[in-house]
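In order of appearance the chains are A, B, C, D, E and F, and numbering begins at 1 in each one.
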Amino acid sequence: MPIITIEGPCLSTDQKRQLVRDLTKAARAVIPLPAEAFTVLIKENSHDNVGVGGELLADKIPN
Amino acid sequence: MPIITIEGPCLSTDQKRQLVRDLTKAARAVIPLPAEAFTVLIKENSHDNVGVGGELLADKIPN
Amino acid sequence: MPIITIEGPCLSTDQKRQLVRDLTKAARAVIPLPAEAFTVLIKENSHDNVGVGGELLADKIPN
Amino acid sequence: MPIITIEGPCLSTDQKRQLVRDLTKAARAVIPLPAEAFTVLIKENSHDNVGVGGELLADKIPN
Amino acid sequence: MPIITIEGPCLSTDQKRQLVRDLTKAARAVIPLPAEAFTVLIKENSHDNVGVGGELLADKIPN
Amino acid sequence: MPIITIEGPCLSTDQKRQLVRDLTKAARAVIPLPAEAFTVLIKENSHDNVGVGGELLADKIPN
């Protein structure tokens, strides 16, 4: 622990690399534990699996 | 916020559309916030990733 | 399974009762399983444990 | 309820079968409910979706 | 990683101790990683925050 | 969406304020969406609800 889970869109490996690095850095600045204690889980969601405002993102965001 | 996550089986886009609409409607009737404040995450699980009663659903439900 | 988790504000027991009933009803209309197969988890979050737009809700919403 | 979610690596069906059986058994030894009350969700994560110590597992673990 | 989360009832510290020990043991038998890699999160839910079959557990289970 | 959930120890309001601000900033640098689209959920866990290496943190960390 701590465990950071981010539910977001599909990302490239470079974006994931940056996300893991910077989310860990931001959390460590508040919770002073060794870096190895921090786990980040990236959950990629396609637009047809996410609803906002009662509508599928896939119906709100043109391809 | 609020965020509704549903862990369930694989669904069609139409089923997801109905689910997002009606889960948001049900939640808004209790939590009076603008529709845009509500996020729904649909998590589709194959039967070999779910266990009930100590057995894989894939072993309990014939194909 | 299915499991519906709602991350939201603190609620009264009556609100929770309505939420559980109507979220289950909405999900069953899409996923035709017995009512007993549906679990709803209500997660109540105080405003100082939720951030939107980079700010704590507790700082955005006057008491 | 109870619901056990395991976030882990990709697994074979046999590994999932054993995991579901033994996690349910371990939990039932503490929470004396019928086996059917226990749900296990297996979440398989590829190494480029997991960060430990600020780095992607994909960058830490040679293929 | 791996991370095991159990959503269940309120438990005593001894029950939690046994749960953490045996869930970790069960998972390690399938996923051969050092014990230190395994995190268990115990989420205690009161009966009025859980719904099964469209009803609050608090209404289904007499005190 | 995106939704960032951090499972961690108990924190002060100032720590939460910093966490929400900096986790949102780190995520926005990768996922270019308006700040209002980002939700952060802070989940505080007492040491007797977390296990690492098969032991309760409460048993590993002296008070």
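One rule holds in what follows: contacts are C-beta pairs under 8 Å (C-beta built on N, C-alpha and C of every residue); 3 or more make two chains touch, one makes a residue touch a chain.
On a predicted model such as this, the values are computed, not experimentally measured, just so you know.
Engineer: Any chains in contact with both chain D and chain E?
Structural biologist: The shared contacts of chain D and chain E, listed by label, come to A, C.
Engineer: Among the listed pairs D-E, C-F or C-D, choose the one whose interface is a repeat of A-E, with over half of the contact pairs the same by residue number.
Structural biologist: Among D-E, C-F or C-D, the interface that shares over half of its contact pairs with A-E is C-D.
Engineer: Could you check if the interface between copies chain B and chain C is built from the same residues on both sides, meaning over half shared, or from different ones?
Structural biologist: Same residues, largely: of all residue numbers at this interface, over half are found in both copies.
Engineer: So which chain is the furthest away from chain F, centre to centre on CA atoms?
Structural biologist: Of all chains, B has its centre farthest from that of chain F.
Engineer: Count the C-beta pairs in contact for C-D and for A-F, then report the pair with the higher count.
Structural biologist: Spelling it out, more C-beta pairs touch across A-F than across the other pair.
Engineer: Please compute the C-alpha centroid of chain A, do the same for chain D, then give the distance between them in whole Å.
Structural biologist: Inter-chain centre distance comes to 20 Å.
Engineer: Whole-Å distance, chain B centre to chain F centre, using C-alpha means?
Structural biologist: 24
Engineer: Mind pulling the chain E residues that touch 2 or more other chains?
Structural biologist: 1, 3, 7, 19, 23, 25, 39, 41, 45, 50, 52
Engineer: So how do the chains connect up here, line, ring, star, complete, or something else (other)?
Structural biologist: Graph shape, chains as nodes and touching pairs as edges: none of the named types, so other.
Engineer: Judged by the touch rule stated earlier, which pairs of chains are there in contact?
Structural biologist: Contacting pairs: A-B, A-D, A-E, A-F, B-C, B-D, B-F, C-D, C-E, C-F, D-E, E-F.
Engineer: Show which residues of chain F lie in contact with chain C when the two form their complex.
Structural biologist: Its residues touching chain C are 13, 16-17, 19-21, 23-25, 28, 34-36, 38-44.
Engineer: Across the complex, what residues on chain B touch chain D?
Structural biologist: Spelled out, the residues of chain B in touch with chain D are 7, 45, 48-56, 58-59.
Engineer: Under the definition above, what is the set of chain D residues touching chain C in their complex?
Structural biologist: So the residues of chain D in touch with chain C come to 1, 3, 39, 41.
Engineer: Any idea which chain E residues touch chain D in the complex?
Structural biologist: Within the complex, chain E contacts chain D at residues 1-9, 11, 15, 18-19, 22-23, 25-27, 29-31, 45, 50, 52, 57.
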